[in-house]
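Given below, in the form of structure tokens, are the structures.
Here come two complexes built around chain A, the first alongside chain B, the second alongside chain C.
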Partner chain A sequence: MRIATSSLDLRRPATLESALQALRDDARTPIAGATDLYVTLNFGTLEARRFLDLSRLAELRGITERGDTLVIGALASFTALQRSPLVVKRLPMLVEAARLVGGVQIQNRATLGGNIANASPAGDSLPVLAAVDAAIVLRSVDGERRVPMTEFYTGYRASVMRPDELITAVEVPRVEGHQWFRKVGTRAALAISKVVVAGVRDGPRAARFAIGSVAPTVVRARKAEGVLAKGGKIEEAVRALQAEITPIDDLRSTAEYRTAVAGNLLRRFWAETA
Partner chain B sequence: MPVTAVGQSVSRKDGIGKATGAAKYADDLTWPGMLHGRTIRSTVPRGRIRAVLFDFDTTGFTIVDHADVPGSNMVDLIERDQPLLAVHEVRHVGEPILLLAHEDKEVLHAARVLVEYEELPPLLDPEGSEQTFKTITIDKGDAAAMAGADLVVEGTYQTGHQEHIYIEPNGVIAVPEDGGITVHGSIQCPFYALKALKALLGPDIPARVVQTETGGGFGGKEEFPSIPAGHAALLAHKSGRPVKIIYDRVEDMVSTTKRHPSIVRHRTGVKRDGTLVAMEVEVILDGGAYVTLSPVVLSRGCIHAAGPYRCDNIRIEGRAVFTNTPPNGAFRGFGAPQTEFAVEVQMERVAEALGMDPVEFRRKNALRAGDTTATGQVLREDCSALAVLDEAVRRTEFARKRTEYEGTDRAIGLSLFYHGAGFTGSGERYLKSRARLEVTPTGVRIATGSTEIGQGTRTMHAQIVADALGVPYESVEVAQPDTKHVVDSGPTVASRTCMVVGKILEECAVEMRSELGKLSPAEYFAKHGAMTVERMYEPPDWIRWDDATYRGDAYATYGWGCDVVELEVDPDTFDVRLLEVTAVQEFGRPIHPALARGQIEGGTVQGLGYALLERVVMRNGAMANAQLTNYTIPTTLDVPEIDVVMLENPYPGGPFGAKGLGELPMDGPAPAVVNALRHLGHDIRAIPATPEMIAASPVAART
Partner chain C sequence: MRFTLNGLPVETNAHPMARLLDVLREEQRLTGTKEGCGEGECGACTVLVDGQSVCSCLVPVAQVEGARVTTIEGLHGTHPLQKLFMDEVGAQCGICTPGMVLAALALEDNPVPTLDDVRTALAGNLCRCTGYSAIYRAVLKWRAEADSGPHAAPEQASARHK
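Let's turn to the complex of A and B:
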């Protein structure tokens, strides 16, 4: 550990109200499972020294149904997602994604809200939420607002979330059709995504497709979807997809590979969900 | 004498301690008044140090630089070129410049030291390097015979760095004691560290080294620990207090040694019928910024560079060169995994060019007893190249699958390989390794410098002694290597700990038995008191080796292996899925079958990681992916169950017929994987063969 943990200032509120008040009063960094935060603490790259531990906020842990909407609390862990009969039934591709996040220890601690707020373009749950038009529920002392997942991010590791807001839940409208998820990591398990995709096949021509790790933010492939909706050829949709992503060369992969694989996965999705 | 322990998978001497967590590793140990040490390192690949500024309150700190060295500031290894602490210049990122110690770890890590450099242009391309650490030429017959070949095949092959990823990072504690310094640490070769400490501390400060329980080494703790041991000793000497230095994973990956990257060029001439006419091999190893063990790594790499094949005309030319990157050093296989990768892919390509079956081609050329190797060594009955090849091919139904998989996403490939056991040439004679056995009130104690680093040294040595002495395995104790109490048995490296040190112990036990007569050791002790037997290693008397010409008996014996890999490439993602891996290996005879199997499985997995996953990304001379997240080693989901076959061919010079085993399994996996990829049409000449590389590789017509 390269940062002096004994000097960190940690508050652990018992209610959401006091948590939101604390965020408003003295800018603090929320901590959920700490699986992202701890990495940066360990490397000594995290600047924050004042934290707000959300772990006592049991009300943010629930997974419920409200009418047609699946409501997942921000503190739901990836293990909880895998075990929830509601998620298994209504959003099986989120279960698949959850199973591939880190290892079991990480899944036990890491939360859905943390995955979203951390805003890494490689977050495995993000394409799933983008493909199903989920809404992110944000709350501050001023009240609550809902932001569509597809409008949540504004750039690399940047979002519309204000420092005094918390993600309290994710709302997922009913999903009809075939759900399809694929993660391409650097090895078979315990890997960060080089490309990660989620799709929903709503009908013979209708598809919703989102892809991560190929741009500064998760990409909802509207152009490719548009081509398919108009009855265009899959190769045309692949070209459209490849034009709407902006992958880079990094430690894990290359732009060229990511572009090729993105196309292959769209083809595979289209063929397997036909 | 009835054999009862050897050949049985008896319980490990260190098993209970490790399984229950009772075993103490370096970071588990503390001393009263102990300080924590930290190393300030270069952040540039090449430069002159202009100033070192302390941007913190230095009260309570012990600060050490090169001027504090009582003896020599140069690491005492093959060459004395590497400073323990930089003086005026730095030659690689991560080079140690200054040491700090403080009793509070957090205060220690918060201290900011600013180093100002005059940066100089670094040399990063080994092919462009004209600074050579060592050159080697091996000549057999006349390589000009190439002219008489029907066909000449050329190829260039490349391998990358590889990280050891021992579970326990480097760690040591130096303790001022009796006017000297004792270093306890995670160390493969306590006597190497002792030699380095003596040079560093000078004649007036006695040094002692004690190995703590060690969480893996793979060569990474062979020569390297002399540096942290020296650093801790300097801090302890200056502060008068015990000092602990434990690297975190990032520091360990950025600044410690790795496997040498290689570029190997082949030209092979063959007759139409597949007979090898001539082989020319050029080997370039990237040594990094200091010599470390590069000359010896190059030597082993070159000796194995022609593969386990009979060919009358061979020329091998090797060089290890300087670059401004962290020095590379010992790593399981020691140069052979690089050159055997190259020759095995080359042989596959030669067979393809001839339109010959790869098994037939190898069968025709594989070394047999009576054949001579590249150095002119005449092989004896302990040569098993054909035996391992035939068994692997039979067991995997190689021929059937090779045909059946044509046109699918599946493929099968193999590699044939060998590995010399023990030090090269006259090395074992110069080493003069010793081992000692001591009678105790309850039985007998082994006192050697051989270290247990997870591979089973204690268990295997105790088995050999138990049977050679005719006493129960349980009555044999093994002393922790402590340079004050054990003898120098040579380093725990080079697949020599069973074959060489085990052999000395066997001889000690035989001699002790004749002293004991019919008494058990405990009875003897009760009657006559203590008794010890100490012996020195005598290599087989027929070994002849000429270091000047590189001719002669390079190794007393070799282990032999054939790996078969079946795999599938995902058509969308180019991910390689390993379906079946078969490792047929002959290493004399297993003393402990479960441990031997563990060595083969572990070495094979390490080789598969080398082949497919493990990529060190260097940016401006520094490892950019120095985390386990981005430097990926295989998980259990990345490797299938490995079918391990241990063929026996007892070697008369080893204890109970055993040869060396530790490194052999590392040599075969990479070429077997790449040859399977060739079967799919991917012309891969470099590893790791990542999906990115496979996606970009032209798919040639299938053979």
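Let's turn to the complex of A and C:
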């Protein structure tokens, strides 16, 4: 580890109320599974020095149904998502995404809330949540608010979340139709995505499609969806999709590759869910 | 702060944000747990926390308060899987081996794992020597023998919970 632990301060609240109060009192970086945060600590690139451990907040771990809504606690691990009969039944493409987040050791610790808060454009769960119109539940000492996943991010690693708020849960409305998830990486397991997509085929012309790793934030492909809803040809939808993403060249892939693969994935989604 | 290490209660005065890996190696002097990449890619630092495999380089020690931690030393060199790693030559330089063995223990609940199950269970563990085949062979043989051996089940259960 390249940062002296003596410079770090950790609080470990036992209740959500005391955690929220601690965040109101002074700025602290929340820690859950630490699978992203400790990488930056190990490499000495983490600037934060004050932290808030959420691991004792058992109330944020549950996965439940409330009426027609699937409620996933922010601290649900990717292993818990795979094992939850509710998630398996209602949102199988989140199970697929969870199986491809790192190795088992990472899945055992990493949380859904952490994947959202970390705000990487390559987060594997994010296209799933964007495609199904999930809502992010944010809490502060002042109360609770819900933000649609498609409005949560404002730019690269930036969101509408305030420093005194915690993600407590994700709410997923009932999903009808065929769910479809694909991750394209250097290899099936462990690799950070080059392109990651999730789609729902609601009907002959209706689709919801979201894509990650091709823009500063996850992209809900509204223009491509619009073309398909009007009965347009798939090639027209592919062009619309390729116009609404802004991929870059980086150490994992190139803009050209990502643009081509994004189009191929939309074609495949449309054909396989027909 | 207290936790259970290989079946014995231990107390640590380490900083709450110290890595579990460093507490194990430097304070507890259990150097079987290796540091590889420091980013959760290689699995060399794998230990079990309450029976679940984790990368100990990514765990603040505060988060194992009250938990059961199992390192490779907790298997005492007598676990059937350790012997099979030797018999099948599933180890060469040995850096990945403790993590491989501990990660493979997740298959204890799977009486007849397929090769694909083994690959998935060990996807978070990198080996740069063996090419993996000998490791997969050792793990598959362990499950096959455990399935038929009369004493296998209780031995494995005790190893896991130590």
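Here is the rule we use: the second predicted complex is superposed on the first by the 273 of 274 C-alpha atoms of A that agree within 3 Å, B and C clash if a C-alpha of one lies under 4 Å from a C-alpha of the other, contacts with A are read in each partner's own complex, and residues count from 1 in each chain.
By our rule, contacts are C-beta pairs under 8 Å (C-beta built on N, C-alpha and C of every residue); 3 or more make two chains touch, one makes a residue touch a chain.
What you are looking at is a predicted structure, and each value in this text was computed from that prediction instead of being measured.
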Touched partner set for A:12, first chain B, second chain C, both or neither: second
First, second, both or neither for A:31, with chain B first and chain C second: second
Which of chain B and chain C A:43 touches, first, second, both or neither: both
Partner chain in contact with A:268 - chain B first, chain C second, else both or neither: first
Touching partner for A:222 - first (chain B), second (chain C), both, neither: neither
Chain B versus chain C as contact partner of A:108, first or second or both or neither: second
Touched partner set for A:252, first chain B, second chain C, both or neither: first
First (chain B), second (chain C), both or neither touched by A:184: first
Chain A residues contacted in one complex by chain B, in the other by chain C: 1, 5-6, 42-43, 188-190
Chain A-facing residues of chain B, complex: 106-107, 109-110, 248, 250, 571-575, 577, 613, 617, 624-625, 629-630, 632, 634-638, 691-692, 695-696
Residues of chain A that touch chain C when the two form their complex: 1, 5-6, 8, 10, 12, 31, 33-35, 38-39, 41-43, 51, 53, 55, 79, 99, 102-106, 108-109, 188-190
Chain C residues touching chain A - in the complex, by the definition given at the top: 15-19, 22, 38-41, 43, 46, 52-55, 57-60, 62-63, 103, 106, 120-125
Touching residues (chain side chain A, partner chain B) in the complex: 1-7, 42-44, 184, 186-192, 195, 251-254, 256-257, 260-261, 264-265, 267-268
